[in-house]
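Common to both upcoming complexes is subunit A, partnered first by subunit B, then by subunit C.
Right, the complex of A and B next:
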């Protein structure tokens, strides 16, 4: 197990190293740099030269990459030229908000998706199950901004229960952020719910066909016990993997929803950072994305192992 | 794609705003469809509080220093005052200066200051503050954007506590108009270190909470010298995306959007809940032909390229119906007292003849560089391409990357699209069209035009000066290498409960007169 963990960690580090070089070169390859992006059309030769000198942009790419890497080893993520702040100060409050948003959306979606997935699998072929199936397809395929605007109309305009757009800054207290979380969270939860629910249902149906379930039923074990002890443990790893991937997406891919609801999370700043040629910020967010995906696959592996006796046996051997 | 907030695109907003145009247009369309099906938008507007959305254009690096490039523009005119303001017809009116007079040569201006005016912290406003403020505006090291307007000021002398003399490096009969620039605001002596976050001004509102990424809060200044504001408070929440800002107004979370884009106006057509105003502005787009590239060195070719266009039709196509006011290649907008309105109807035959005379009987091929760096840039070139075909002008459109546009294309390629914000005639003509101007985009050297500019500047008599400025614009129509088809009309939208907002550009809005029922 330790060897396995170490190997994965080493691979992750390698991936990150390669990615940061690629990001550095990618940003470099774009026309303009942080200073032209900052100054826009007021970029006179003098102002550009001043800006580049002040921000160390005259050094070679390699030099800046090494500088950044050594900063990172000391826990320094660099400085955003455009925003005049350290990257840590920009990322941390937004990271907190994104985590809160992802947590709320996950709590809304995951438990319900498992329950509904099992329920609809067990009622396969009934009219209600078909309706749930269709609805989940609609939710999955509808662009987020459509879901978002329908929800906005329902809850911010017609029944004015929730704020339609966030009007507090990224650094506001969680208590102030919380009322603004519901609409984006419900939007995300609906998308995530559909994915997880469908994978739970499919996995349940496949597992149900397998011989050990048939054997259990033949032994006359109560259906409730068959579902809980025999089918579920074998069927859960698939939806858990889906949940891990969607949880990672909830933390890194929520740009559209954040823009629509003006939510101060990481998604929006990531896109801004690219247009601003804000290398330090882009790299910090890349690093974060990588950590999230590595962590989510670790977690899903661990949970899958815990649930599946065969996998446990493999690890032990 | 819907228009996003376009207010003072070039004048006030940095490049990054212009790409905020996320394809969430459908949000608005869905919203419009459903709202107009009879939904009832709730407004939680509370009396005495005005909430104005701000687009967070500088990503949190906003400052309240009015001379800084990253000035927090929605609020600076609430907190600070100018020496001279503008009336509804854009003539100069007293603000912190009571009266002004120039010497005969128009090189020295003496201003009498209003007495008894106090800053928000209780200290007196006097001539020392004026000297300090103008020194900061014209400081070459700081290089404030205001310096482009007031750089002609050599120095300022405090004659006594309530009198200053402004000494210019050149004659300028319209100094009062230039001093009415919305950024030429008065700040207290030695405020450099504190002004960014804790500004102290003389204006109708004082800063309570400065939070450019969240909600900035200003409170009424009960001692305001032009009268106690009718509002108790102004709140300025940051909403980066134009569609999200639209949602905020539709959902009653804000009371006012300073600019919604002409194509969004119909979202606010329910007059029981919303008021919209069409604001004729001085913002313009142009196509520049650099004269150091053939054949644009030939005046006949330049003129042919400009008169082959049906400007009204082009304006309607690019900006929407009533989205702009046609211009005959003049940068001077329709609200300016010096504006020249000539006859610039489409003249295909005239254009063909000019081209033939210049040695192009079979027409010419040109390549125009554009980009989606700003709204209208691409539409403008496409409409132009269609319209000039008949005159034998064959246009190839080249799309440039938005992020490198101002650096690599603008003023670099032979033909490119440009945009400018509203400026008074003396300023825009000197800043962009004088041969020696840093922003002479076409490189056209016209010493006759320069002579006319000098002469207009130093003409004391108002009518005489107006005639000279009009002659200058007429000369531009004849000779210039910049095609200017229109000035844009902005749309301002607000809750029907907001009263007292004059339908004029934001520079001239009197915040103390606004009320919310």
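Right, the complex of A and C next:
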């Protein structure tokens, strides 16, 4: 088990090293740099030269990369030229907001998706199950900005229950942010719900066909126990994997929804960082994304292993 | 107690799109046709039939499980006086396990993989969970050792015993057994059948046992029903049936079952061993193959362990002979074949082709002509044939470009070659365009043999090629193999767990046990004068199976 963890950690480190080099080179390859982005129209040759000298942009790519990496080893994520702040100060409040958004969306979507998935699988073929199935397909395929706009229209304009646009700053207290979370969270939850629900349903139906389920039913075991003890543990790994991937997406890929509701999360700032050539910020967000994906696949593997004695043995060996 | 345990009254089950409102609108195909049968309480009934005969469907009908897309077309089936199809779910569930128990076959993973043995029993026994050990004891298992294990930590025989114990747990009046011994080793089969017979004798329940194997039915039933195409073709006492089967199909079944001592197919042909000095085509000397695998103990895995699958084996395969290799699971017989064809590397010792070529060479490093010379046919054609490909594509060597240098060309003459090839394995030429998925089990295996023969091999490795087949189909495939041998004189190594099958085809028999060669000799010699007690026991078990 330890060997397995170490191996995975080593692979992740390797992936991150390669990615940070690529990101560095990618930003470098873009026309312009942090100073041209910062100065914009007011850029003159002297100002640019000053700015570059002040921010150490004249050093070679390699030099700056090494500089950044050694900073990282000391827990320093670097300094954002554009924003005049350390990257940690920029990222932290937004990370908190994104985590809150992802948590609320997950809590709304995941439990419901599992319950509805099982429910719809057990009522396969009935009219209401078919309706739920079709609805989930619509939710899954509809672009988020459409879902977001519809919800916005319904709950912020026609029925003004919730704020449609966040008017507080990213560093406001969680209590001030909370009312602004609902609409983006529901939007995200709907998309995520559809994915998880459909995978739960499909996995349940496949598992139900397996011989041990027929055998359990033939022993006269109550249906709810057959579902809970025999089918679910064998069917859950698939939706758990989907949940892990979507949870990671909730933390890293929510730019569109953040823009629609002006929510101060990480997705928005990631896009801004690229247009600002803000290398340090881009790298910090890349690192964060990687950590999220590694962690989510870890969690999903651990849960899957706990459910299946054969996996426990295999991974350990 | 009811006098009649099970009853069928013109009972039919159909398949197909069922339109309840317009019964006649859709023409259903009948899986079971107007079956009528009465099974008195406390008796032992055996139902025998080949795959597709409807025997398992019938067994399920008695617990009200019709299965996917199946429906009761007409008639009734009664179990302990209840029509399970018309019972409310709750009532049906109450009877299951307590009045009637169904024991599914173990090969199909009928134990829930993530629940331990003890958890299975706790579910069924409820308050009486402490009876678990006693029940496991009754089916010949050590409860203390096994109760914390999961299905993947049990052997096939142990799984089957656990399933039987689960069935007996709530003292049912009726026990339905579905293929209780398929895919188990002959010794294990013997023990399990004795255990079942004893339990029935002690508890006195009504026993219904379904099997494709007449010898299994013979051991546990007093009355035998033979099914074919959804109909009962024979219903007789065991003695009657063995002495004088009234239906031609029953006679065919009895004849097709391979029996020891009689070389009933191919007895007339001369063998390569008649020559003075047989020349070896493959020579293995002190060959050992170690296979590593994870070992499990009580849910936790200990370090990966290595097992010696083949242990210091010295054996020659003579040119032109059929060498039969017999052994139980874990004896190393499949490992031996895989080593010869380069799928597994030997750990020590040597294995050589006639011209001195080192067969320790992995398959991907072998020269192409060497690849052609050795061909292997696997046990399960469902796994080894792509169901989406046509037979033409499956057997045509030119489909693989590298083979074109052997003079295969895609033209009309070539088509003729393919038809001839099909003819050799006993298939009609029209089969060429049929897809793998549309073939029966026996047809698939013949296609797999044809695919191997297309390479014009000098050595054909046959790994349990008939064990997934019905007994009459098996007889046909064995006859085809002998026919091929007669015409092409291809050397064959025929591996099987069934000594009767091996004896009916092989010139010589090699007996393997735990990776070691127990003995090897001419077939009749091994059968009449086995030198090792293990061989003697295998023969004894096979004899008892066919004469009991």
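To be clear about the criterion, the second predicted complex is superposed on the first by the 314 of 317 C-alpha atoms of A that agree within 3 Å, B and C clash if a C-alpha of one lies under 4 Å from a C-alpha of the other, contacts with A are read in each partner's own complex, and residues count from 1 in each chain.
Following the convention adopted for this analysis, a residue touches a chain if its C-beta (ideal position, glycine included) is under 8 Å from a C-beta of that chain, and two chains touch if they have at least 3 such contacts.
Everything numeric here is computed off the predicted structure, so don't read it as measured data.
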Fit-or-clash call for subunit B and subunit C when the two complexes are aligned on subunit A: fit
Which of subunit B and subunit C A:61 touches, first, second, both or neither: neither
Partner chain(s) touched by A:37 [first = subunit B, second = subunit C, both, neither]: first
Vertex subunit A, arms to subunit B and subunit C (CA centres, degrees, nearest 10): 150
Which of subunit B and subunit C A:214 touches, first, second, both or neither: second
Partner chain in contact with A:222 - subunit B first, subunit C second, else both or neither: second
Partner chain(s) touched by A:164 [first = subunit B, second = subunit C, both, neither]: first
Of subunit B and subunit C, the chain that contacts the larger number of subunit A residues: B
Which of subunit B and subunit C A:47 touches, first, second, both or neither: first
Partner chain in contact with A:22 - subunit B first, subunit C second, else both or neither: neither
Touched partner set for A:275, first subunit B, second subunit C, both or neither: first
Per-pair minimum CA distance [subunit C against subunit B, superposed on A] in Å: 45
Contact footprint of subunit B on subunit A as seen in their complex: 30-32, 36-38, 40-44, 47, 82-85, 90, 143, 145-146, 148-150, 152-153, 156-158, 160, 163-165, 167-172, 256, 259-262, 264, 268, 272, 275-277
Subunit A to subunit C touching residues, read off their complex: 210-223, 225, 229-230, 233-234, 307-310, 312-314, 316-317
Subunit A partner contacts - residues on subunit C that touch it in the complex: 63, 65, 89, 93-98, 101-102, 104, 108-115, 123-124, 150, 152, 163, 166-167, 170, 294, 296, 299-301, 303-304
In the complex, subunit B residues that touch subunit A: 10, 14-16, 19, 22, 24, 26-27, 30-31, 34-35, 39-42, 44, 59-61, 69, 143, 145, 211, 213-215, 237-241, 243-245, 247-248, 250-254, 401, 403-404, 406-408, 410, 438
